[in-house]
Every structure is written in structure tokens, then in C-alpha cells.
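The first chain written gets the first letter, and so on, giving A, B, C and D; residue counts start at 1 in each chain.
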Amino acid sequence: MLGLLGQQGSDFAHKVDYAHDVVTIISVICTVAIVGVMLYFAVIYRQRDGKDHETPRIEGNNTLEIIWTVFPTLVCIWVAWLGYDSFIDLRTPPANAMEINVTGRKWAWDFTYKNGKKTTGELVVPVDEPVKLVMTAKDVLHSFFVPVMRTKADVIPGRYTYEWFRPVQTGDFQVFCTEYCGNEHSKMLARLKVLPKAEFERWLADDSEARKLASLKPSDRGKELYVSKQCVTCHSLDGTPRVGPSWLKIFGKEGKLADGSTYKADENYIRESILQPQAKVVQGFPAMGMPSYQGQLSDDDITGIIEFMKTLDGTQKVEVAPALPKKSAASTVGMTPAERGKALFNDSGNMCATCHSIDGSALVGPSFKGLYGRKEKIADGTEVTVDDAYIKESIYKPTAKIVQGYAPAMPAMYEGKLSDQDVADITEYIKTLK
Amino acid sequence: MSAVAHPIVDHNVPPGEPPHIHHMDTTTAYGAAKLGMWLFLGTEILLFAVMFCSFAIMRYYHLGEFHDASKHLNLWAGGFNTIVLLISSFTAAVAVTKAQKGDNAGVVKNFGFSLVCGLIFLCVKGYEYSEKARHGMFPFVWNSDFYHYKNFLGLYFCMSGLHALHVIIGMALLYWYGIRPAMRGRFSGKYYTPVELGALYWHLVDLIWIYLFPLLYLVG
Amino acid sequence: MAHSQSHSHGHEEIGHVVPESTFLKVLIALLVLTVITVLAAKVDMGKWNIVGALVIASIKASLVIAIFMHGKYENKIIWTYILIPFILLAIMIGGVFTDDPFRDHPQPFGAQAEQAAPAAPAAPAAAHH
Amino acid sequence: MAAHASAAVNEELNYLNWQKGIWSWLSSTDHKRICFLYLFTILIFFLAGGVAALLVRTELAFAGPQIITDPHTYNVLFTMHGVFMIFLFVVPGIPATLGNFLIPLMIGAKDVAFPRLNLFSYYVYVVGALIGAVAMFNPVDTGWTFYAPYSTTTGTSVSLMVLAAFVLGFSSILTGLNFIVTIHQLRAPGMTWMRLPVFIWASYATAVIQTVATPVIGMTLLLIIAERAFGAGIFDPSKGGDPVLMEHLFWFYSHPVVYIMVLPAFGVIGEIIPVFSRKPLFGYKMVVISSMAIAAVGFIVWAHHMFVAGISDFSAKFFSIVTFLVAIPTAIKVFNWVSTMYKGSISFKTPMLYAMAFVFLFMVAGTTGIYLAMLGVDVYYHDTYFVVAHFHYTIQGGAVIGLIAALHFWFPKMTGKMYNETVSKFAFAALFIGFNLTFIPQFILGMEGMPRRYYDYPAQYQTLHTISTIGAYLNGFGYSFALINLLWVALFGKVKAPRNPYNSLSLEWQTQSPPLHENFAEIPVVTEEPYSYGTPTGRGH
């Protein structure tokens, strides 16, 4: 009717919306009526020229009391029924519903399909098919909310809750976490991708990457991941330290941690460093340098990486193909340049945020806050003003002009990966960070 | 009306006479005090209600663990404490009658007895706790073997701990509002409100234990 | 009215006096009931154990309230406020029990145990792949 | 009512000036002075909570980080806003200030039943407030709801903050207890239950809730401390606890607490409308009954805050149905207020404006409440901005507006001065417009699915957020203006207030303004109903 809740993505959405619209109409009528009557009284019974006039002593009226006790009761019963009715649909998934396991964790959504396919942050479902989400949480309460589907349920550690829907149209839809879960609560989003049936089947069956990896022997699998998961960005194979330590001869290596204690790079240490990078940071490297790969790498993946490291004992030179330019995930249509720049900055493929803060704190590289237009001293002592040209140069040829006090850590991986347009947008974004 | 502060309650009264309460007559004051005390006891019961509710739910989920865990509690100590509290409650009740008859010495004797019972209760509890601590069934020194008893033990310590706290408060009240004024011969058939209130509180302590004992020690 | 009421009472005697003997009888009853509870708990009656225990406890409680605490001689107002907490306790437990026993995915206790285990990951089987 | 309480010995001498010096205030057991102690303290936290709110709104004015650079600070701010406003401002709000001031005056008593307990509970409140302030050194980021397991695992000083809430609850309990006893024991001769002003009835219902509901939250919070201190395993699922149980216990108090906040406001409106309409309160009995009904039903509806929290469907259905029972008595009240104006002789003094605004705001609050009671619809709206807007209409549009209305209405009695109508009306306008400008957009945001407690949001929500922020500033300006105006008049005002400026019939107006230390030179004898305005033969026009 009124379509106040916007697009209807699931087959029971219209029922919820109907209940919603009915109660909306009732509410508006009641409010207008009562406030109207009140204002009407206020006007016609107002004191003329500030003097009281005689008033009747009306103590009440039982008939009226009965009427306005019974009338709301009836309305309430009807409205309660409407809500109840729509709720029944929300809570009764058909027996043939396709089950998908959902895990909420700080601060991402993991989805596991019956055939073992895993995704993070993207739930892909077929159109016109009932889908039942069986959900649990790793750490604290979360809540899985798909507005267009009109469905939501809290996700609780140590228990399973469920919700279901039957998508009626294809497209990309927003998923929110609606139970407060800490710092990145507002970033704990996911996208719901509704595909035509055939396309979904293809997508679900397509485990080529997984199969390819599985077919490889662990060390080669690790090598693949070294490239595809962007390890290459910060960890060299030739011994030169970048953002993180080089992997050359890293396995079994011993040394000092930031807190002065010593470490030995055995399996457990490496696994921990991949899953909780901040736990034990090697001296001389940025504490916040590395994002966690929790949920992005399976145990076999980690095993593979460890095996790959074991091969890097310096006896033979290991060559890897350079990381392919990764297409930016963020759909950037209809954004202002600055917004696009922000998207690129935050895009996991580019990893700018790993080394450049936007709040003024210096990580591996200078913070972008108030960077633009600033005068910087270069390592060789000369001074430059941070302008479009300098930023562009620094992105394409990072080591050319290093600002004093910073390591030449930035990988030269952006030429060809970022178009001039991208660079211009990023520059725009930097300009906004006053 | 004078510009000097005048107290709402005037304590400098001869023994046996009710204190002159400025804004209500004695009977109203008595009724007010008693209603107030009962309301307060109500809030105390609701304080424990939350833990009874949690106990019910946790027991629903961990029935087996609760059974086994409760067997680890010292039934003899618990039973002994129950008896001690019942008796102390009895003497507290008697103290009120004594006060109503103006027998201040009797108040001192009976409340004194309840006080001692309270002390015994606390000692036994302390013994039980130390026993648990030795076996690593105590907060902060959990022994992982008893992991599955934790839900029970957690509630056990919250409940019995809060109850023990009430015993201590109760003892303080008995002394401050009963024994001490009674020694000064304050009470009479006209005025014994503090004795009754103190006794009421002490009975509450007993009342709660009446439920805690079977729940924690017997059925688990 | 509070004030008018107040005057209806005599001033010598403002509360009901209960003889010690009554208290003694009650005490004996309470002790007997305590023994019964303990014995009842020894026989295994399944879920009836807790019911029995609570019934006996409630009898003891009512004795304490009615006699020890002079509840028997109190007015309606006080009785209202004696009962309210117990009613609320019933509502609370009742309300919560409309939930948990009717959940379609009860708490998986396997999960509890495994979450209890320290989070330290076992050394990757990798080594022996 | 007893229009003839004899004139005081010396009109110059009153509770404000019969003792001098700050200490005479801090140590006073006079309910009227304790009212002011509370008033000033809670207004401090109203200010703090308000500032936090404005910072939050400023951050949300536009998408992307604005003034707050990290989410943690943002989370701390909205938690601070919630905790301060709920536990430190609104809950003690009307009961502890106007309740304290008016209950003895209205029932014709010299003071509350336990004056020293009254002062004590104020200092308990202060202690609680101080603990809360200490907790601010490592401020809590859980939201005011303290949901487990987040609250049992986060590194911030949750234990201190919940301890503070526990202590504050204790103060609230003692106040409620005191009022119940006062109303039972200290009514003046002739003041029968059916002659009690509705404000007293409302305060009575409130006091009962305060007394019997607060212990529940108190214990729940202590259990959270136990959970944090030694893993009691009650709420933390990783230890076999049930986080949903914590939500049950939390809302068992926190739903009734909504009535602790609004019932007194209902009472205030029930006092104001008859006086300015020169009419008896329409359907006095029904208004009284509905107050008590709301208080009672309020205890069996709590889980409607948890429809999507993972409770059983059976539970959800049950609590949805009973929730609708609250709607009915609330509706009855509104109808009665409006009918009171029928054939009245209505004058639009500031309190009356607030009262009429209240009726509108509360209609919105109530009707939007219906959405959230409807299962299917609540699933969509739960934890969205719709809920935020709804409860701000209830708490701010209800409780806070009620408090401001009452402060204006009884200002002459409290301070013996008349406030400035023009200025107050201006402040009212700013406040009213600002309030609606803030929260109507939030309803729409909710319809569009914007979740609450978000530090940042997708760009499509920006316009409404910007409007809301502008409204928030106007609203804040309105409040500061209204309150500063009252404070100014109280301190430097020249216009002396007569004994009974609105010629109201209820008792508090029959004694001098400001009243004597012990309210009445001699205890009045009540001979009439509280609202016998108008003439039996009168026909209005």
C-alpha cells in the first residue's frame, strides 16, 4: 500500500508491509483525531481577554469511558493478529529450504555452504528458492539483518538461531549487523547476492580455485597463497625487509620481539602471527602493520604457507609471478572522486590503510591526515610540498622520495594496478583529510 | 517557628518512653516503621529472586552437573548451619516478646544468643569455603577438573556469599538497634520498634537460608 | 486515615504479643521439617525431589513469616507487600521459562566444552602432511 | 479542597530562609530542600548526557568520520549518554525531585515518613554518581544495556559502572519505599484515597515499581561483576551460561523502569490540565485505575524487547499479546486528559503548553510503540533508528517534557517567584520544534533500515541524519534556555509569587509560597475532592 519500508525482496515481505501500513494508517488517524480535538477545544474554550468564564463541573462519563476502553481493545486485537500472522511466516521455513551456515565474528560474516564452499562478507543465494540460515557467533552477540527480506535474528555464541527467506528478485542487497558488538560494529556489513538459479548453481559448483589449491602439494599451495593473499606486498623472498620481515630463511629463525622477549619462528609462532598478527611483533616492525587473516585462511592454507616458508631456506632461488592487479571490490559508481578515493584507500586489495592512518598517527608510512599541502623533508634533506604530482610519484615510485624518518617500506606494486584516475581520486580523498 | 534546626527525632528521652517524633504520633510512627521494614525485606527477597531464577535456568541446562556438583557440598555443615539459624531465629522472636513486656535484659540475652549463632554460622561457612578452596572449587583458584561444576559453584558462591553478607548486616542490626539500646533500658510496651525491626531482618536471613539449603545442598 | 486510625489503638499496647511457648512449638516444627527434607532428599524421586524440597521449604517459610515475624497479626497492606515479591518471583521464573524450554536450538553443550579448552591452536598437522 | 489552612505566623519565614548556609542545605532532612539537592545534581548529569548526545549527533551529521576519529570514542559517548540519562537523570528525575517536594505537601503532611532516610538516599545517589564518574577514567563501551557476553569480556571498566548503577538503584529503592509509607501513613485527616490528586496516585504506582523492580537489576548487575571477576558461568556462553537469560533479567527491570519515568509525568499532566481548564479531571477514577494497571501490567511484558534475541517463538507470541494490554490504559489516560478540556475555560500558561505538547508527543510515542509490539513488524524495526526515535518520544517527550512542565507549574510554590511567561514560551517553542526535528527523521531512517549504534553509515542515509543533527542542536538550545531562564528567575527574579497563582484547589497551593519548613502551620482537614472546579450548574459556552 504505502511502501514505507521500501523494496520487497522476499515473498513474505508484502505481509509484513501490509501489517505495517495498516498500523500506520490507524496511528495517523488516531493521532490526528486526538490532537485535532485537543486543539479544537483549546481554541473554542480559550479564555477570552484573559478572564475565566463559568465552567460546568463534569466529573466524567461512564459511557465514554466504556467506549474508549473497548474501541482500543478491539483495534489492539486486530493489530496484534496482523503482527502475529506475519511473524508465523517469518518463523516457519519450508522443509525443502536450502541451509547455509552463518557465523558472526568481530567483525565479519562467514558463510558455509553444504558442499563446503566458504565465503566471507558475501552471501550468494538463488532466486525463488527458500534459504534457511543456521547461525551462530564466535565471540559476542551479533544480529543478521537483511532489510529487503524483512528478516532479522540475533546471532548468539554457543547456540544456533535461524532465519529464512525466499528471494523474489535477483540483485545485490545490504546486510547489517544490528546487535552492538564493539568497535567495528558499523563496519560489520555483508552483501546478499541473489542470482538466477542456473548462475547460482554454476557459482556454487565452481570450486576451481579451491580444487586447484587442494591438488597442489602444501608448499606450492602456500606459494599460490603468498601471491593471491597479498603476502607479497609486505614480505619479500630475497631478504629485504618491507612492512614485515622477509620470508627468506624465516622458518626456525630466532630473534627479539618488540617487548624484548625472544621468539622462535616455529609452526605455532607462524600460525599465531597469521591469525593474531599483533600478538608477537618482531622488533623493528610496525605493531599494527598486518591485518588478521582469521577466517580468510583455512588450516590447510596456513599449513601450506608454513611448508612454503620451509622451502625458503636460501638453497634455491624462489620466483613468484607478481600479484595480478586486483579489481577494486567497492562498486564506485555515482561516487564523488573523494568518495572513490576513500573506497580505494580502504580496499583490501590496495591495503593503503595497512600503513597509512587517517587520524594522524604514524604507522609504517606517514598519516594522510593533513598531509596534502604540507612541506616534508626528504631523506636526502631536500624539501618537497605534498601536491598532486608528489603523491602520484610516491604511489607509482614509492622509494623515489622517502620522507625523513620513514623506512622505504612501500611496495612498488601500484603502477598498472591503480589508474591515473584512481590516483587522482586518492589525492582528492587525501585533500579531505584536514 | 524558630530559626534553629530542630531534629525530626528527639533521642534524649527517659528510658521506656518512645522518642518524640516531630511529624507523626507514636502509633503512626510504629506502623510506618513496620511497613517500611516489610517493604525493604521485599526488596531483599527480590534481590535473591534473580539468583533463584538464574539457578532454575542453569539447573535446567546443566541438570547432571548440578546433581554431581551439589554432592561435593558438605551436607553436615549445611544441615548444622540450618539448625543454628532456626534456633537463632527463635531467640530473635522471643526477644521481641521480651521487649513488649519491657524486659530489656531478656532482649539482651536473646539477641545476644542470636548474635552468637550468627557467628557460629559464619565460622562454619568459612570452614566450608576453605575446604572448597583446597579442592580448587573456589573462585580464582578453579581447578579445571571441576570445569563442569562451575555453573553450579558459581551460583553457590554468589548465593551463599550474599547470604553470608546478610548475616553480617543482620548481626550489626541486632547489636545496634537491639542489644545496645536494651542495655540502656530503652524499651517498653510503648516502644520496642527497633527490636521488632531488627528481629524481622534476622528472620529474613533465616527465611532465605530455608530455601538455599535444600536447593544447594540437597537436590542440586 | 492514618491519623484517625492511630487514635483508635490503645497507647499502652501497640502490637500483638505472642507468648514464647508458641515460638517454641514453631521452632520444633521447623526442626522436624528440616529433618524430613534431608531424609526426603535421600530417596530418589526424580524431578519430584525438588518439588518436595520446595514445598517443605515453603511450609517452613510460611511458619516463619506467620508466627516468628508476626505476619499473622498484620494488616492487609503489609500482607500485600509480603506477597508481591513472591508473586514477582513467580512471574520472573514463569516468564523466563516461556523461553528456554521452547527454543528450537537448545544450547549445544559440546560447544561449551570446546570453547572452554584453551584457544591455543595445535601445531599444524602440516609437519606430517 | 481545604482552602483555609490558616496563614503562617510570618510570611517572610519559609523553608528556603529559615536556616542559612550551605551546610544547612546539605544536611537538611526537609523534603523540599532535598528536592533541590536532587534537582541540581541530576541536572548536572542531564547536561553531561546532553553534551554526549550532541557529540554523537555531530559525528553522525555526515557519513564518514567527522569529529570523532575512532569508533571506540563514539561507543563510549553513546554509552555515556544512555547511562547518564537513564540511571542518573530520568529515573530519579520526577520522583526524587517533584515527588519529594510535592507528596507531603499534597497529602497534607509535615514531611515524608522517614526524613533522614530521605537524605540518606540522596547521598547514596551521590556515591553512585561518584563511582560512575570514576568509571569514566576507562569509560564503558557496552551501551547502557550491558548485554553479555560483550559486557563480560570487554576491557573497559564495566564492573565499576554497573556497581554505580547498583548503588543508584539502592537510592531509588529507598526513595520509593519512603514514598509508599508516606502515602499510606501520613495523609491528612479527610484525605481519603479517592481524594488523592492523580500526581500522588502516579507517584504511588511509581514508588511501588521503584521498590520492587530495582532489586532485580541490582542483582543482575552484581552477577555481571561476578561473571567478570571469577567467571560465575551464568551469562557467559563460553562458560555454559545463557546471555539471553541476562537480557530477560535486565528487561524485567528495564521495562518497568520506563513507567518509573513516565507515570509521574502522567500525574503532572493530570494536575496541569484541570487547573488551566478550570474543569475537574475527566474520569478521575479511570485515570487512577489506569495508572495502577500500567504499573501492574508493566511487569509481565518485558520480553517484547527481545523478539529477535533468540527467545522461543512461544515466548515471543506470549509477550507480544500481553504487551498490547499496556496500550489500553495508556489510551484511556489520553482520552481523559483531552476530554477534561471540554467546555473548559482554558488559559495558555507555559505549563499548559507543555501539557498539550505532551499529549501530542505521547500519542506519537504510544502509536509507534504499537509497531514494536507487533511481532512481524518489530522483527524489521528491532535495533533500528525507529526504536531510538520511539523511546526518545517516550522518555524525552514523556518524562523530560513532564519534568520541565512540572518545574514551570510548581515553580512559584518552590521558589516563591513567578517565571517570565514570554521567555518560557519562547524556550518551549525552540524545544518542541527541535525535538520533533531531531526524531521524526529518525523514524524515517528506521523505516529505511538504518541500524542503531552505528559509528558510520552508508551515504544514502546522510540527508536525514543531517536534519536530525540540526534538530538536536535546536532541542539542546531549547532545554538550556528553559532551564537557565528558571534558574535566573529563581536567583534574581523580582516578581513575588502569590500563595496560589493559578487558584488551584489542591493542598500544596493552600499554604504560603514558598512553604514553611514544615509545610503547614497546622495540619489541614480535607473536605472536598481534589478537582472540584467549575460550578455544578455551570454550562460553559
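In this text, a contact is a pair of C-beta atoms (placed from the backbone, for glycine too) under 8 Å apart; a residue touches a chain by one contact, two chains touch by 3 or more.
It should be emphasised that the depicted structure is a prediction, and the values quoted were computed from it without experimental measurement.
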Message = Measuring between Cα centroids, what's the chain most distant from chain D?
response = A
Between the pairs B-D and C-D, the one where more C-beta pairs touch = B-D
Query = How many angstrom lie between the CA centroids of chain B and chain D, rounded to a whole number?
reply = 34
For chain A paired with chain B, centre-to-centre distance based on mean C-alpha positions, whole Å = 53
Query = Distance from the CA centroid of chain C to that of chain D, rounded to the nearest Å?
reply = 33
Note = Between the Cα centroids of chain A and chain C the separation in whole angstrom comes to 48
Message = Among all residues of chain C, which ones touch two or more of the remaining chains?
response = 2-3, 77, 81, 84-85, 88, 92, 96, 100-101, 103-104, 106-107, 109, 112, 115-116
Ask   = What positions in chain B touch 2 or more of the other chains?
value = 24, 28, 31, 35, 39, 42-43, 46, 49-50, 53, 57, 61-62
Remark   = Expected list for chain D, residues touching two or more other chains, is 180, 184-186, 212, 216, 237-240, 242, 244-245, 249, 310, 313
Query = Which residues of chain B touch chain C in their complex?
reply = 24-28, 30-31, 34-35, 38-39, 42-43, 45-46, 49-50, 52-53, 56-57, 60-62, 75, 79, 82-83, 86-87, 89-90, 92-94, 96-97, 100-101, 147, 189-190, 192, 196, 199-200, 203, 206-207, 210-211, 213-215, 218-219
Query = So in the complex, which bits of chain D are touching chain A?
reply = 64-65, 69-72, 75, 141-143, 147, 149-150, 153-154, 237-238, 240, 243-244, 277-280, 282-286, 308-310, 313, 316-317, 320-321, 324, 327-328, 331-332, 334-336, 338-339, 341-348, 356, 359-360, 363-364, 367-368, 370-371, 373-380, 382-384, 447-449, 451-459, 532-541
Ask   = Can you list the chain C residues touching chain D in their complex?
value = 1-4, 77, 81, 84-85, 88, 91-92, 95-96, 98-104, 107, 109, 112, 115-116
Ask   = Of all residues in chain A, which touch chain D in the complex?
value = 4-6, 15-16, 19-20, 23, 26-27, 30-31, 34-35, 37-39, 41-42, 45-47, 50, 52-61, 64-65, 68-69, 72-73, 76-77, 79-80, 82-87, 89-91, 139-141, 143, 145, 147, 150-154, 156-159, 161, 174, 176-187, 339, 342, 358-360
Note = Interface with chain B, chain D side, in the complex: residues 9-10, 13, 18-19, 24, 29, 109-111, 113-117, 173, 177-178, 180-181, 184-186, 211-212, 214-216, 218-220, 222-223, 226, 229-234, 239-242, 245, 249, 516-518
